[in-house]
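The structure's right below; bear with me while I get my questions together.
Order of writing sets the labels: A, B and C. Residues in every chain begin at 1.
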Amino acid sequence: MDIVQTEPQSNMPVSAELTPELTRARKSQGRLIFERFIRNKVAVAGFVFLVIMSALALLAPVITHQTAHFDPANHPNLDIALVGPSLAHPLGTDALGRDVLARLLFGARVSLEVGIFSMIVSLIFGLVIGSLAGYYGGWIDAVMMRITDAFLSTPLYLVLFVLSIAFNNGKVSTVVILIGVLSWASAARIVRSEFLSLKEREFLLAARTLGASDLRLMFAHILPNAAGPILVTVTLLIGNNIITESVLSFFGFGLQPPQASWGTMLNDSQSYFVTDPLLLYAPLLSIVLAVLSFNLMGDGLRDALDPYMTQR
Amino acid sequence: MGKLLEVKNLAVQFKTREGPIHAVNGVSFDINEGESIGVVGESGSGKSVTSLALMRLLPVPPAQILDSSSVLFEDKQLVDLEESEMRKIRGGQMAMIFQEPMTSLNPVLTIGRQLIEPIEIHLNLHGAEAEAHAASLLESVGIPDAKRRLGAYPHEFSGGMRQRVMIAMALSCRPKLLIADEPTTALDVTVQAQILELISSLRREFGTAVMLITHDLGVVAGTTDRVLVMYAGHIAEAGPTDELFANPRHPYTLGLLGAIPRLDDDRQGELATIPGSPPDLLNPPTGCPFQPRCAFAIDKCKQYPPSVSVGPGHQSACWVDVTEPAALERAKLKGFIPVGLVQHRGGGAQFASNATE
Amino acid sequence: MARYLIRRIVQSVVMMFVMSIIFFALIHLIPGGPTAVLFSPHLTKAARDNLTHVYGLDQPVYMQYLIWLGKFVRGDFGNSFVNGLTVSSEIFGRLPATLELLLSALAFALVFAILLGVTAAVRQYSLADYTTTVLAYVGISMPVFAFAIILQEVFGVKLGWLPTFSNQSPITDGFTPFDFFLDGLVHLILPTIALSLLFIAVWSRYLRSSMLDVVKQDYIRTARAKGLSSRLVFFRHALRNALIPLTTQVAIDVGGVFSGAVITETVFAWPGLGRLFYDSLEARDYPVLLAMLMISTASVIFFNLVADVLYSVLDPRIRYS
């Protein structure tokens, strides 16, 4: 077909012979991406859900009337253990008589924290390794990529279990670092391939001729242009990390009781879910919905950034 | 010679999020048996869409051939023909080759397998017989050592060789009509001439009518009997090739002819170009679609011009008579450079000669 | 191709060597160590020292590594700390159960993924397409263990249709061979579904999108222009091309299936390698853990190589040099 929608790169000189399609597309890259994202209803739904969930997680102390002497997520009361939903306990109580809703809300804080902070750890590793490899190439690239390959070929859960036994003290920060350190390889690959393709572009050559330093080139010129694909990767990474945390905690290698996280709640529910399925389904549904939202949002972002994909 | 193809009022739209794109807007033309016809226009003029519509190869949706369209091929109405009937025509009586020889062949199947497919379907030849036929086809398009080459994969062939394979495939069932959509655009200049020559000689040999689609006037000049000039999904001008080159009557054709770089051109300075850009087919202008870019435009151009006869077999869809001195003077004032019209009046052979090389 | 293969194999061996150092170090970082976990507190000091010596734990760590490496390259994985059996025999004892589960899950996943992916691509935007999409998203967003527990809860506990633990019934008195077969089969159902969900989700999406990619290609238009029936266009021209990337993806995923198997086997108390890993972890059974880490890493590396080779076999354009 002769009619092709083309997207001019905002930082490239715009040719004088723009067809009307092109002129329309020039509105501004950011605005266009935003418009395309907004049109994608499921991605927006995922985003809205995440906003609501984050708000609930942030407001958890207020919602559950936390005080200095009262920890609503950790207030055992064996007299009311395994009681079904009531006004006082909308989602019932667990085997120790703790309020399930309160634990769920505080668990959301922990799961989001782990998901996001371990993503940041991965991102730092991925950025450093990927940009060095992609920008400098040669033996640096070879070494960096072998390291990345090594991390890609480790069986994630097995090594994570071993590492957890070795290092884990049940603290959130430890779990964050463990997950982050083991899951940066895919991010590094994306960063590398973006750097590889961007460093040959004209605008970079121009900046180089003007005497920009390597660091400046990497962070002021290349990185902003690689932001899209990296953003997609890290969004999907957050979802994956939430799953990883739940697996670790479920098997007892992650966060430790009485810490409330969705993973530890699932672990707690193991012996009781036959009689009290809500103990299982409440944290489970939370995990699935949160991860689903991150995945939908990530895919929505990817489609918005790449108009050729959306035409499917 | 009898009429092979009769297209009347062909209109094609593409549905998009922003609204329908009017790709082809009421195109009518005929092709006679054994005739060679060129379709010329810029990208986006609807020439490729027209050819794909004839073959019913457009993806439906988003494409849609409007009900008012009529495509008679050997007195068979193709627009609403059953898909199973259409398949018998495709590749059998009407074949097509495409612009991109590099991507038009399936990378994971051998040349032989792909060449034999239409032979099996349309000629009902199988096994060794089909293979022999395929090999002889490869030889006739100038690929040596054809028998062995049948086992090769497309990536082992150069672009020109692949286009030869495409031609062999298209002609394998002796079609009545061959549609060649920019067959040489993606090829090296030297190979271009060879491929065009191949198409011409095979046309003479098989008596196949050829519809040659191109944006390159030079390609049309040496190889076709008649030319259609398309603009924004309309036929702007149509006529016998020599007549149309010698005596172009549509301002758009004038522009196109001016836009051919010529070795014998003694003008200093830059190449004549047509100012402006083709119209947005989402919101086509009312009236003549060329009018916003046209130096000859007058008030009347706000209405769509009828196609009028301006010579034997020669029609132009324009309100203005560009040969009229007053019209020409007006256009010159708006920056029109009269090349090919005034200076070379009657000298169409020049175009033809430097184009066939 | 041969040269490429040799280079890749050498690279893989080097990689395995480096990984073995890392894994060895890692395992010896585990606090407590086997002495604390394994030895009865009532052992005399002499007995304790003797056992420590037998296990080689009195040597410096690098010596322990070199001893281990020397045996490893000769195919000797050492002996289990827990029961003194050779690690190889432990692993071979568990292998059949794991292979049974893996093969059944992979076959199940492959069949379903291809059916779903193809249907979704052919009937784009149909109910089947949306169903596949929803299933895929849920599959990707659901932790494997959680899905396994739901299956247990619904089909095992609530409905009572299927067994939820192990690979055979605890009491098999008077079973005919056919009964054994049937018993094995019903035990296999839930773990198979649990383990294959993620693969079905990923592969069907993958096939759908590569299928949609392929049908836009010029050669598909050429095939249609030849007058081929849509079935021929589809199966001979489109599916074949679309399956190439899927094949390599499957090979890569098969290499990494072990991680998922550990989780599934643990939840279903499946007596396979995954369960062995979990138990060895609890018991700090170093030699077994090391062997398992090495084997699963080797499997990832090996199947990555398989993926590359498969790619070049399936796509005539790819030739490694």
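The rule is short, and it goes like this: contacts are C-beta pairs under 8 Å (C-beta built on N, C-alpha and C of every residue); 3 or more make two chains touch, one makes a residue touch a chain.
Here the structure is a predicted model, which is why all the values come from computation and not from measurement.
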Chain separated most widely from chain B, comparing mean CA positions: C
If you average the C-alpha positions per chain, which one ends up nearest the average over all of them? A
What whole-number Å value describes the gap between the mean CA coordinates of chain B and chain C? 55
Between chain C and chain A, distance of the C-alpha-averaged centres to the nearest whole Å: 25
Averaging over Cα atoms per chain, report the distance between chain A and chain B in Å. 52
Residue ranges of chain C touching chain A (in the complex, touch as defined): 15, 18-19, 22-23, 26-27, 29-31, 124, 137-138, 140-146, 149-150, 153, 157, 209, 212, 255-256, 258-260, 262-263, 266, 277-278, 281, 289, 292-293, 296-297, 300-301, 304
Once bound in the complex, which stretches of chain A touch chain C? 146, 149-150, 152-159, 161-163, 165-167, 239, 243, 246-247, 250-251, 266, 270, 273-274, 277, 280, 284, 287-289, 291-292, 295-296, 312
Applying the document's contact rule, which stretches of chain C touch chain B when the two form their complex? 217-219, 221-230, 232, 236-237, 240-241, 244, 314-317
Over in the complex, which chain B residues touch chain C? Could you list them? 55, 57, 83, 87-92, 95-96, 98, 100, 103-109, 114, 117-118, 121-122, 153, 155, 166, 169-170
